[in-house]
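Going in written order, the chains are labelled A, B, C, D, E and F, and every chain counts its residues from 1.
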């Protein structure tokens, strides 16, 4: 089976896809701390893996991952103070996504999906899309559909209930926790060391932020809630969930066969 | 042996590197056509592989690759018209490299090397470095050394002579040709299909450019000079050359043990 | 009692505040549709009123409101297609907040609170704060504390329970709904016409976005969930809640007497 | 009578205006010192009040005021050193006005007037208009008329003669002086304290600027010429003058009934 | 006598100036229509000539002229519609002046004068200076004085009276008129053709602008008021006036011997 | 014969050129050290002189020179540390060239040539052209041809052989050396002092850069290779070469008579 990754594809292969109207998925990641037990690349690996799975399922292709994202925030990912968390300014991230989308549109792509793997990227990917739609309108492109999601928002309620028997505490505290750890144990088990998993209690944040952040708000490990029950099987189920359900959404919105 | 890739590393492992003064290499790539026989990701794969080799040799680490570069130019890489060639505007590339370097400096990195794999990126990586040095000076950082190169500029004369028995035609026309094809046959042979290699004669360019480019200047395949003598052994020798000689340069400039 | 609004204050009065270390609150709003029954200025009026209440309570002052915010999104505020929704690009909003904060810091302010009244502004106000902290660091300012919140995140659980006897559906769908309508009935009853309140059922959104948005996702009125039980007394309680609790947070974080 | 202020208007009311081709006035202000006797908001209050008066007279509507303007200059408004003078960078002001105009055009506005209340804003509002016209042209909008003025330039000669029996010294020195003080005594008398009016002689500036400004160029109060003869009746006459004459100009240029 | 023009100077000669604290003058021009009788370069030639004269008189040097300025406005210079009027966007002009000043400061210049020859440039050169002062402060430079003027503001009252026996109509309408024509007849008589001078009456503008400009506001020639009495002797007197008086101002402000 | 310089031309003369489809050449220069024997303006003088020669030969006109270029690099021009080397940031240079081209296109120019005189400008002039082509496309301009070159790339092989009897060392080291010195001796002999020519051996650079540059890489004079054999006759031949051959290329590419 031919690759779905643009990076692995020759230009004539890509040109064929454009002629056939193949959708293009653009994974947007980050380089951010993920506790003692997971690597800095989690937020790039996961949307790339999810995108690859979807692409295979629906007949799409995957653009090269944007490996850096917006600055980590304490309440979402531990914050920028963790060594290794290396980020783009807002304007850089907006421009990066905008440029990639603009060039894909130039090549003929009219069905583009931005698959975000880092919560802090959300609004900046939206602005990139708003701007590229303005650019496209100025060039007379009128038949463009852009899809955008944080992949975890597709987690099915019954799976959530299974993963969090005591009740789902919300995506806010899921940084480096059960969902991401399970996914990584499925996708890149070689990069997860459950033996080093921190035993921190869940982070507790007030309903505001201070800059600089106060000592004690973020657990020392950077893990925002306990991840001890994560396992590869849960990761497999999550991946299956995302591939099926995001795939179904793309089929519907892009009117795919 | 521990990984040298930041993406595969936990934040405490990265923090240890910062405490020890480990140099950080930043590969800057592109998504650009490379003929019928090689994929769009060549300019990202190769500087990543070279950087990884150097990092292992000298005790450095490698930041996540910037997978998009400046717009391909006809005389350097075939030009932006080839389907799949997907690029950043100049300001985006400058900002992307600047932001990554600025955050590495914030984490304590004082020995940073930008390893460029796409000729068109040269001046924009220079501007990124000039700007981040200004930023650093404004924050009082005075002990910073930044190294920058196009990796191919380290090709030894004797190896060049061996690879080009009829005389080296210059790096200008080496896009998707003997050097890059050999390197890819060494690094990612699964992504090279020599059977599909175009048989175009070398491109001939006048000493100027026109926008739009004229028909016939760029060979239909996008390969700027014949690559039929490329092989994996040549790729191995080139890789060895780069790892040894860029490594030696880094040891000298960063005063490594 | 002297005014707390910078706009109503002479410069010597402001200068006195700076000498005394008075905190400055910066309300950031928007110009956005709020259904058939409320005006375009809701997201500017409310954070201004909340800020004014807090300022009186804790001895702070209030900078002039930024009357335009980031582009409305369908799932948060109905989307940009509603006539009258008039917005800043991301870069403009970031720069606007950054410039105001930078000048306040120049005047000597060291305790600044950004009070946001439009959900879409969240990440852009964060970037403004991150950038102004970088600017300040470059100028040697090291004793700066910036506080930031969406005011509604301080709603007490018991008050939420009272307002939503059938369970709180989440802030997501609260655009132009019970909370905002009650607040406006308290703050500017002259601008609310409950007779024109739409009877739309709650909006239902999928876990993703499309650009352009699909017909039928956003109710015709722009109100995202029923607001019929809103009243001025609820607004009074909410205002009291925000003034007391944000005030308490500021007292703590700014170490006020 | 229905409100003319966009902030007080529902979106269907705004949509009706767009359908009828109603002109939109955009007041651009500043937050700037105005002596011991007037507040920091003068340059925002006055163009808003003038715009509101005109809108009622000619059947236009008024967009939310941009409350911050370009940096005060010593010869025009006392300079940035006065506490409380809080400003946008040039690029921010240009973008703010451009974005508001662009969105109004998107909603269908084709007759837009920028009413400036702060001399330093002049050229930046011009650039905003030049850029938005370029944007509009790129989107195929060709029937756009934009009007721009500093409201005080409409002061009738006979009224000037009456206000300045000893001869009008020029608008240059009118900062916080007779015109603005009279207008404020008419519009917001509660915010003017004539008892605190400084008794400084007129400022004398050389035909150049220095950065930093020299001591003694700007009177300590920030008032650039004596304002002791200001009164509310003069303010009423000025307001009447502006409403009638700017209104007449708009009727002519926008071909209103 | 050694040249005062940086362009004509070797770097060691420039370095000597920096060691001695020599002031640097930066002429900022434009490329703009100047009627049927004068060339597009007037606004670049004149500030360059004035700067050169001053430099010789006070022992300063002159940086290369910025040959493009901000967009011509109808009421100041005829407007952008005249063929040949070729301009920078505001952000470009601000950056151009800022960059030149920043690099001069880097070389050690602490006494810098911006000599403006195009009215529309005024506020943008001010912003450039404000920004470069911020940059310099971030780098710890505290002993910087920047002088800025439009050279014509130094015209002595008695000379004005002589040139305009019927009363000076104001600088507003002096575009391509008596002052500039006389100066050009003195500085570059080869580029003035008085035989082609248009006989248009003075332009009459209302106290506002429209975009697009209305037919008939700007005389067909682009000359805003009659220039028939211009002659080279008047130009000589004006030049003498400017060199002496701007020179005296620089001596005072830069504390020159 | 009428002038070919836009700066010396009236607007009606320029308008005539636009009606006739005259090509416009835009010289882009720099302000950069050129050794002890040549002035800072070499990189502005030479492309201006070359452009003027070509314009006369082919019936083109020459826009005002952009006198500042991108930051000098040690391996190309000695580097930014030489006093007097005064440069634009990348974004400023890109915008400057883009704005000039955009306005020329607005006036009707459809055949534009960018003649670069400073190696470091190459990629930034390319980006300016790429961006202005995007702008033009958004405005529906489709018949635009832009030509771009570094003028020295047209040096004929036989002339090179004559100038460098011992073999041409490459353009890399030609900064302030035989080619530029000969050209200046032809164009502006008054600004060359061969008596002060440094006797430095050729610079030797490694195949990489460090920031900051290492001591000893750049000869103290800033001349990168010996220029003792330069003379005016060689300059005359070079100028003839460029005028003829760039002229011929323009005739071909612009389909001139």
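Here is the rule we go by: a residue touches a chain if its C-beta (ideal position, glycine included) is under 8 Å from a C-beta of that chain, and two chains touch if they have at least 3 such contacts.
No experiment lies behind these values; they were computed from the predicted model shown.
> If every chain is reduced to the average of its C-alpha atoms, which one ends up farthest from subunit B?
Chain centre farthest from subunit B's centre: D.
> Given that subunit A and subunit B are copies of one sequence and touch, is their interface built from the same residue numbers on both sides (over half shared) or different ones?
Both copies touch with mostly the same residues.
> Among the chains here, which has the CA centroid at the largest distance from subunit A's centroid?
E
> Once the Cα atoms of subunit E and subunit F are superposed, what angle does the rotation have, between 0 and 180 degrees and to the nearest 5?
180
> Sharing over half of the contact pairs with D-E by residue number is what counts; pick that pair out of B-F, B-E or B-C.
Going through B-F, B-E or B-C one by one, only B-F repeats the D-E interface.
> Centroid from C-alpha atoms only, then distance subunit C to subunit D, rounded to Å. What do you get?
Measuring from centre to centre gives 26 Å for this pair.
> Would you kindly tell me how far, in whole Å, the mean C-alpha position of subunit E lies from that of subunit A?
One centre to the other, that is 54 Å.
> So how far apart, in whole Å, are subunit D and subunit F when each is placed at the average of its C-alpha atoms?
47
> Send over the residues of subunit E in touch with two or more other chains.
Counting only residues that touch two or more other chains, subunit E contributes 80, 89, 91, 138.
> Could you tell me which shape the graph of touching chains takes: line, ring, star, complete or other?
Graph shape, chains as nodes and touching pairs as edges: none of the named types, so other.
> How do the chains pair up in terms of touching? List each pair.
Applying the touch criterion to every chain pair yields A-B, A-C, A-D, A-F, B-C, B-E, B-F, C-D, C-E, D-E, D-F, E-F.
> If you look only at subunit D, which of its residues touch subunit F in the complex?
By the definition above, subunit D touches subunit F via 137-138.
> Once bound in the complex, which stretches of subunit B touch subunit F?
Residue list for subunit B touching subunit F: 70-71, 73, 80, 89-91, 94, 120, 122-124, 126-127, 129-131, 133, 145-149, 153-154, 206-212, 214, 246, 249, 253.
> Residue numbers of subunit A touching subunit F in their complex, please.
Residues of subunit A touching subunit F: 138-139.
> Any idea which subunit E residues touch subunit F in the complex?
Listed in rising order, the residues are 5-12, 14-15, 18, 31, 33-41, 44-45, 63-68, 80, 82-89, 91-92, 95-96, 98-100, 103-104, 107-108, 191, 193, 196, 222.
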